[in-house]
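Data first, discussion second: the structure below is written as structure tokens.
Chain lettering (A, B, C and D) follows the sequence in which the chains are written, and residue indices restart at 1 in each chain.
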Amino acid sequence: MIDKTVPDVASAVAGIADGATVMVGGFGRAGQPVELIDALIDVGARELTIVSNNAGGGDVGLARLIAEGRVRKVVCSFPRQSDSWHFDTAYREARLELELVPQGNLAERIRAAGAGIGAFYSPTAVGTPLAEGREQRVIDGRTYLLEYPIHADVALISGLAADRLGNVVYRRTARNFGPIMATAARTTVVQVDEIVEVGALDPEAVVTPGIFVNRVVAVGERPWLRDSEFVGGVDLAGAPLAGAGASAGGAS
Amino acid sequence: MIDKTVPDVASAVAGIADGATVMVGGFGRAGQPVELIDALIDVGARELTIVSNNAGGGDVGLARLIAEGRVRKVVCSFPRQSDSWHFDTAYREARLELELVPQGNLAERIRAAGAGIGAFYSPTAVGTPLAEGREQRVIDGRTYLLEYPIHADVALISGLAADRLGNVVYRRTARNFGPIMATAARTTVVQVDEIVEVGALDPEAVVTPGIFVNRVVAVGERPWLRDSEFVGGVDLAGAPLAGAGASAGGAS
Amino acid sequence: MSDQQTATAPRASDDRHAQPDRLDRTALAKRVAADISNGAYVNLGIGAPTLVADHLPPSSEVILHTENGMLGMDPAPAEGEVDPDLINAGKQPVTELPGAAYFHHADSFAMMRGGHLDLCILGAFQVSESGDLANWSTGAPDAIPAVGGAMDLAIGAKDVYVMTDLLTKTGESKLVASCTYPLTGVGCVTRVYTDRAVFDVVGGRFRVRELFGSTTLDELRELTGLELEMFDGA
Amino acid sequence: MSDQQTATAPRASDDRHAQPDRLDRTALAKRVAADISNGAYVNLGIGAPTLVADHLPPSSEVILHTENGMLGMDPAPAEGEVDPDLINAGKQPVTELPGAAYFHHADSFAMMRGGHLDLCILGAFQVSESGDLANWSTGAPDAIPAVGGAMDLAIGAKDVYVMTDLLTKTGESKLVASCTYPLTGVGCVTRVYTDRAVFDVVGGRFRVRELFGSTTLDELRELTGLELEMFDGA
């Protein structure tokens, strides 16, 4: 029998070594695998290269990983946010390297790695400073830049639900980079709210088939979901809003 | 209000001109838009370039289009089938041209067209006769061939259900080339069993978002489906099996 | 669509918050929204362009794309109904319309770069006469660079509209002969909506499509230092 | 897995339809199936390899991929339950296991060419000592060419096993020093299961992994005309 579930986040991230390239899903807070990142911090791996759209915000997840000094390089499209103080400080103090990649090239380069594409010609960034050092080619009258795949040792992803075969479904815009990162890493680790029985996911609606997934861990229901229904009263960080009621307040 | 539905297959294929490049979905019979092809035959367009995985079988659909002498060129991976007599004859009599493309390159070239990729390096067909005339490049120690996108004027696709916005879902392995062809054509036409209300399709499970679709036409329930349940008693061509019962026999 | 323009412009300049010679941001968002066709697939960039979503005419159905993986986005939720899994490219909470669809980032940018969006509306630091756009970096040596999806949007949509004040806070024209800031995209902008006027990029020149309030062509020439003509409709 | 091999080989050669010196097709399919690990993602090529699906050991869970867009395929349906929307790459009716997933052709071949399949099993016209595969065309000038997904499979899976008779109908060896038929893939085959023996491709030579029935190494040398040694387990 195939069983990709692991009992806890520590087992899920076990073996991530110093110097590893780690893809981290999420767009802002949506789809960011905060629990896996916390576990990665506990593992203690250093000199990591992080591939992610953002470089973290606030004091949790990716931001905390950077604050703890574990990151050597960030490959991302948009590190600067109103609350990206940990990245900002590390960058200004030259404690980490930044490879800035336009978001579409980032996504397509990750997909290319998963799809076995050697390189591709992208129309994005032609004539801009981010074209520097890139091979240029005119095809059918239009100029393109040659872009190479981005592979990773590990991908850390957050989904809504998965089965023991590693089939994953996501929720709304928290899907974002998860499905492509799952294809581009040697080891793909997915945290989900819930592990469901094999057969519970609609085969027409599986977004990440189990072939791309190595480990699945359940981290429990998020505060804003209950009985498959959205329950309001939280802000974008998932913290209860002022006046959202005593029970929500009690969870913070 | 957006309404991409059209009342009949004749309206769905209206305007397809002589010399057009037409993508035709399907893998064998599964997902082949037979009703749209029949309507295309009625339109009378000639000198067509057909992009499809196969070149038709039996005497219906794509095979009939070829039999009627409407096709100048076929771009496909697998024209030869036990029942591809119409293609075979036309090919041997040099009445049409064949561009043979490995199936994965065919799929990826169609996707590239839809995704705005100028060209890509594929690992497939290196060192084979199908590499002839293709640019070769070694990337990270592996040899790749440069492959260009395949664009079309029109894509004819078969789905299970769609809404007036053009959101489409497919059924099982009839999905195959539909979703990528929908992205690669100037005009995408989808035949479905049923048109459903906006909101009836699960946004997490929409496979082809309406942005890729121009026209949708309902062609009615196929004989092997009823009340969303599969009803057996048909062979691969959708014809009732011998002994499948009087009612099924009556439908042939 | 030209009916809508005529109808909207006076309404916008009557706005009680507007200066006599220019539109305020809300009025400008309304003005841009009025030009969006029924059935258009539109991406609204981070910042001011996001406001356009709140002013789409009820008579038309416009499908909003957000590059973080959604079509059929609706503006902000009611208080207490924020769903952290449902955000736009600016990471603000949004809602879902019936007929929406979700997809992953590679599919979302394939949609954009494959030329399937009818329109995107972006902010700008500078737009040049040839339609070059600079909107991601001022090139300041100590700035932390961040580009997001701006470069993909700039080259992807069929039309790229810019929505911006004509002048910077220090009074320099954002419409320029050629950009001095790092580029986002080359020759990609087709129209610019500013607080003073609407400009089309035509044959390497800005053509004034519409003047707001008391603004005159000569004023615009002076403010921008560019050779400007009225758009002749060709 | 070596336990399974030992257990299966004698059983296979006891098959009442087998020749004393070789396995019949069913026995060979069983033999191949016994080597597939629990949890493996496997693509079975058109023709003889398809038979392997019917002989997977019940003790292991193997996920079958079909390049027309499915993982979790199960063998042929019961009579009268044919679903024309549910077919394999050979366009034969199949069924769906719990935990299956459907996807489009570009995703399916991305899966394959991205190296995610553990194994594919293909038929062959010829396999060379360096692992070159020829299985799509005999190069006959009047033949209608058709390649399908063979070239993608050949270069995509982590392991490529070939399943074939050792000899053609006219008695020529399908194992050759170098292929004379048009190639499908270069250096891609890692193992060959024939009716006479199992061969590994190691360092530009075939190494005999296992002999079936009364077949001897010397017979294989004579039949193939190749320098063959037993696989030393290294």
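Observations
Methods note: contacts are C-beta pairs under 8 Å (C-beta built on N, C-alpha and C of every residue); 3 or more make two chains touch, one makes a residue touch a chain.
Quantities reported herein were computed from a predicted structural model and do not represent experimental measurements.
Counting only chains that touch, the fewest steps needed to get from chain A to chain D is 1. Each chain gets a centre from the mean of its Cα atoms; the one farthest from the centre of chain D is C. Separating the CA-averaged centres of chain B and chain D is a span of 29 Å. Annotation: 57 Å between the Cα-based centres of chain C and chain D.
For this pair, chain A with chain B, the centres built from the Cα atoms lie 34 Å apart. Annotation for chain B: residues touching 2 or more other chains are 108, 111, 115-117, 122-123, 170-172, 203-204, 207.
Taken residue by residue, chain D touches two or more other chains at 96, 102-103, 109-110, 112-113, 156, whereas all remaining positions touch fewer.
In terms of inter-chain touching, the protein chains here follow a pattern that is not a line, ring, star or complete graph. The list of touching chain pairs reads A-B, A-C, A-D, B-C, B-D. Those residues of chain B that touch chain C in the complex are listed here as 1-2, 111, 113-117, 163, 165, 167, 183, 198-199, 201, 203-204, 206, 209-212. Interface residues of chain D facing chain B in the complex, by the touch rule stated above, are 66-70, 77, 79-88, 91-93, 96, 102-106, 108-110, 112-113, 132, 137, 142, 144-152, 155-156, 182-186. Residues 108, 112, 115-123, 137, 139-140, 142, 144, 148, 169-172, 202-205, 207 of chain B touch chain A in their complex.
By the touch rule above, chain A contacts chain C in their complex via residues 27-31, 53, 77-81, 87-88, 91-92, 98, 100-108, 110-111, 122-130, 170-180, 207, 222, 224, 230, 232-238, 241, 244. Here chain C touches chain B in the complex through residues 38-39, 41, 61, 63, 65, 71-72, 96, 98-103, 109-117, 156, going by the rule given at the top.
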